[in-house]
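This report concerns only the one structure given below.
We call the chains A, B, C, D and E, going by the order they appear; numbering starts again at 1 in every chain.
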């Protein structure tokens, strides 16, 4: 779908985020590197705690610091390193050049301000629009995201909207200033399937129409399969596999990706008698990882996995995996 | 996790008394530990102090009136030559006891009303109107009525000092439970909607155990806040009562009373207000910090963090 | 009703269940309307089976589950559990029945009292309904913890120290404590991670086999319901629109809503996605306090006809063991 | 919203009647007496005459009924006549007469209202204006030095009774520094800038003492409320929009945090009207608090009765206002 | 002091005063007075309180007032009527006053005899509830002989006829202003009650009940040079200490009344040099009453009454004497009242004529003597608990008084002294409004006396003690039958005493009246049912720039405010 020649809009290198808590540090994100190409939809899959949200929030200075500490980098976006950028510069990027959509539309909108006010806010802040122009633009935006009777609903409050409509409002806010990148953090998780389908369609449309790049964070492989161009699989605060979407589903390389695909039941096709299970719990990283974070739950784990943290290695043109085990040969690259 | 085979019968810990966990957490709150330390010091000072510093708080040495600090009277003397240090101890004994018991009473009444009002919808309206009523009551006439009706029976049954103590605690208690009731009710209303209450209902937990087991422990934190403020209010209210002639016998010192009596002497003998003033403020402050620490320590969510 | 109904015992029988929440308004707080959360629902659950209930949020599926356990006072209808009519029973008598029927809740965080240790939580039903000694009770708690796969070391920890999956195990252990026959699982996996969902579902299946449990499994996750349920009821706006055995329903959904619902489920297969011809419903679910006249689904139905806006379709058996409430399946069926 | 308000207002009537009855009974039981302050040289029979002339010998139910009529019919009519200049011919309407001053209680209250509002009202506003920033900043920088110091000072402020702090500021600012007067001149009229400055000067000390207490309480509430809201998701959304930190905190978080605090503030307003008895006493601001305590001490039943009843009305009213404000500030709350 | 003295003093006082105030009317600007208890009305007939009477005394006057020596000074009258000048009838049944010539009300109308007659009618109206009705006791009628002559007729010979229309407590009010305010209508005349028209040096400008009064100089005042002050602000409220502070430390006020605070503090404040503390002695005595009836709570409703029986030990004069001997009166006086108090052994300490000297032994504390006395009487501590027993009853007393810092200190001191002689006291203080309230349903009034000993101050108005001494008649014992009214608080009863009271009411000769009064006083003292402690004076403070203050405790402290002036800076 995309070739290597498409320019990157966002280039992340060695991003690391640690949180200081009362009982010690939590290494939420460890040396994450990836890039985002113009107009592409990058899916990020992982369970809660895998660091997928924190990664994206760290990029743009949205993790509260303290307790968080973001190191590594650079994170290049439009010619500047976001990690070293001042707060002022970051604010100019946030909401204007990079839009955000969060998981829970119930709580992500401020309950005491009208929807119109919240949509107009970035317009007035970043585009310097006056009230009338911002209001007109806000109406257009609500129209754009498919909210019926937009003009009237500008003065309504979030609680007067259904979940799906609220998420549309969030999207309108994120798109208000024509961002180059839209980061959608589990935007459909809290929604019903029929509404989820609506939102996914909407996002696809909008991307085609507006041409921005999208990072779509989700735990739902079904959603990823339907929408993403390229996929990052995260586990234990790092990227364990990275591939174009078809490649990933057709030829998953990491044991975690494979297991994940198997645990999900299906509404169509064969019904498994018993669900496959990944035993155990995802790890909480108290120290910088020195071993494979998946080793305790991995059926292919061997000595080296607990001695060394596997680096990402290329297994295809744009397909890399952080694992010592090779599913094709079944062999482990032990030292 | 499902790997049951690794479980040996002997390896698991017996359920440990949760108060140890509370203590472990409490220890990590610096302010609370200092507060607790100071509060223990206050308790020792007022309850054991008189055994060390044996001057009688009531003894009048008229020749030694209005003295500044000296070796014989480290905190000076009052206008009748009574030793301020022993008066501070004796006063503290009363004030701390009154403060703690009155606060407890107010908390119990307030929590009871709040929980009942929040939990049983039908009683809500009437109980909240009752709270309004108590807020609107003119306290002073109410006190006069109470004193008139109950002082002599109590004095007859418990003796003059204990009788007055009960009376004062009762009076402060029934006139200061309303804010607690309001806050607790609000919290209970919110808690009632939480799923674990529904879960308990699905088990068939009867209402009274629902309240004691599920509601009460979860409204601890507003209660703690009320408690710390309650102690201060009780200590000060007690002094106002003495001032109005409704409190303890006049020669019976309390911190509030010492502070009140000392106010006129502010310019001449400033130590007469400084000591009781400090005693009240620091005690209240220490209780506040203890409350903070306890609130954290009693909340398992914070405890584990 | 069911062809093998004679061979299997109805453990739970619900008929004409209505659960209205009154809306009061005006100066005197007069009753001015109702939120019809559950509006005339009937179904049976056979011993040992799992009945799945699917539907979108607000369709009344959770209310239905709770009403079946008499956590609410019913507006109308009867509920028979184990042959006993509990629909009008007093709280005291109900308390004696409680051990038979238990519930597993949606949010494992919210359904556990944060101030109680795990042992206390699991032990609570035992305290309420048995007279076990402290030691016996602890033994039973350990037994339950073993059964749901919780380390016995955790007995005096608190809910917040556990992950979502473990919390759900606690909730399940609590439900199992009194050896119930019937468990309502109210979205037990909705709040869990994908890899954990499978663990919990497997656990539920294992327990069902081991203890012969009967489940009412409420979920919005069609694929999970397909996995676990024997029969599936689809709810929309307080009503069951379709009730059928699992295979039939998923292979050949009859009701337009069921069809749309199934079609909306994203497939974890990029190829299938590209070829899928999906029905995307327009608009939102109407408010249950003000449902449309006629068929509840008529406002969003891609196949709505004139009659749908006037007449509420009857919930009828269109094939043996298969019930649909849709005008498309009236007398002279011309299913589209 | 309107019907909610009206309904609550209607409900307030029986509440208030009940409260007034209770107050009346308590006052009647209370042992203080209008002749208590007369010199002992006045012979008992003269005292008895005075009591009789005050109508104290009537049975209680008659006095209550009379009071009700005077307060609810005569006084409002009188007030109405006074405002409009109309006359309903009720020259001989009896008004609520104070036993102590022998003048209509309502007139005295009207006379006292300004100084109470000036001093206690200003102190309340000043206290709130100081408390809010302290609370906001303490929460924003939780556990910082500022937060710790704020906690310390507010607790000290809370635990120092005004009979002490009042005298302390008098000794410092009136006696030693001679900056401000120690006695409040209630007859002072503000007519220009100079007299305004004098008014401000004489208000500073009492306002300072009262504001310390008010600040202590409100800032604790504000801090707690801010802490609750700072962790909400919408704060992250606001930041993600690229808003300034000050906008995030002072617009988004503050507006939400104010909701419970506004309620607390509204419920505190009746206390303002109740006056601050001790502070008024110390600075001789003869406001409503002073009036009440004086009336109680001299057994002036009609005044006490009227004042406490007005106080009860204010409590009920501000309860209602708090509810309504809650609804206005929080669009999620809608009362049918 | 004889009546002759009183009259002589009058002339002297009058001769002195004009010399002081040389300034013309209103030339000294503003006078600030602070009373920490605020007046609730300016009609002294509707409220007998000191604060009301004194504030009203700036406006309302009577025929004559008492100066600081207790001498009568004519105010509205031309002179003081006496038997000698024919103003008082030989048979002592009438007194005739002549109104000063040309006397005008502040509204410019002339004062006539009809005003005095009206005043009498006003206060004696049966429905009026007049607080000063006792001043008209025994008055049969008041007659307007002509426009400027008023004769007061008494029903019986009145040896001391200077009650009606004398002193600040029975001033003359204007008939025209109060015409519609007779009887039940009295309280409703708010405008008149709050702004009475008088003949005094000042006129009410604004009256705020219980708060502040502003006065301006009376343009029609009889002395064209007076008052020196154009305006008076009369502020009420607060407490004694802050009132003292505002005169003696901050200088915001010129005059502060009734400074009942620790004398040490008062002295210290005075040392600032801004103001002066002034004291005047009247007849007030702080005293202990020893209940002669049994107040045991076990007796229920009949405690402290005749039916309850005599007190188990306080009826024995030995006990009372020992209690009295144990008290160091000079010390009590010094620390409680300073210059405002003198130790006394008499319940009737003044005027001089009536003051007995027979009991002055008690001025010296004698604890060993008290111990010896008790030991001799066989009242000893038989069970070793430190408390003596009287025929098996331990000497434990409940000692009550009203709430007041000075009284509480005195209580504590007395408790300690008594403990040294083996008497245990439990202290109780009761809010003044209850203690003095006289509510028959309250157990805490001083009349009910549900305690063994109680302490308070009593006095008598004016200079004649007849009515005061009649307090201790057997018939005046409070009891439930009389709704606990009655002034014989300690329940003293002696027929011999009653006889003396009767005799005094028939005696006109001053020396003889003095002897009778002293005899009654000594009789009370020797019963040891009442223990006088301190002869209390009024303590006030005035700024050093305020001249002309002649403080009197026999009348309003402000009795001569017309003569006050500002001393140049």
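By our rule, a contact is a pair of C-beta atoms (placed from the backbone, for glycine too) under 8 Å apart; a residue touches a chain by one contact, two chains touch by 3 or more.
Computed from a predicted model, the values in this text were never measured in an experiment.
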Taking touch as defined above, what minimum step count separates chain C and chain E?
2
Required minimum of steps from chain B to chain C, each step between chains that touch
1
Could you tell me which pair, B-D or D-E, is linked by more C-beta pairs in contact?
D-E
Which chain has its C-alpha centroid farthest away from the centroid of chain C?
E
Distance from chain E to chain B - Cα centre to Cα centre, in angstrom
46
At what distance in angstrom does the C-alpha mean of chain E lie from that of chain A?
90
Note: chain D sits from chain A at a C-alpha centroid distance in Å of 54
If you average the CA atoms of chain A and of chain C, how far apart do the two points sit, in angstrom?
32
Junction residues of chain A - those touching two or more other chains
279, 281
In chain D, what residues contact two or more other chains?
29, 31-32, 167, 175, 296
Residues touching two or more other chains, restricted to chain C: which are they?
165-166, 199
Of chain B, residues touching chain C in the complex:
1-4, 7, 11-16, 18, 194-196, 198-206, 209, 213-214, 217-218, 220, 298-301, 303-304
Where on chain C is chain A touching in the complex?
56-57, 163-166, 193-199, 201-202, 205, 220, 222-224, 226-227, 250, 260-273, 278, 280-281, 284-285
Spell out the part of chain E that touches chain B in their complex, as residue ranges.
241, 261-262, 264-265, 268, 297, 331, 335, 402-403, 405, 408-409, 411-413, 415-416, 426-432, 434, 441-444, 450
Residues of chain D defined as touching chain A within the complex:
232-234, 236-245, 247, 252, 255-256, 259, 329-332
Seen from chain D, its contact residues with chain B in the complex are 15, 18-19, 22-23, 26-27, 29-32, 148, 151-152, 155-156, 158-161, 163-164, 167-168, 171, 175, 217, 220, 270, 278, 292-293, 296, 304, 307-308, 311-312, 315-316, 319
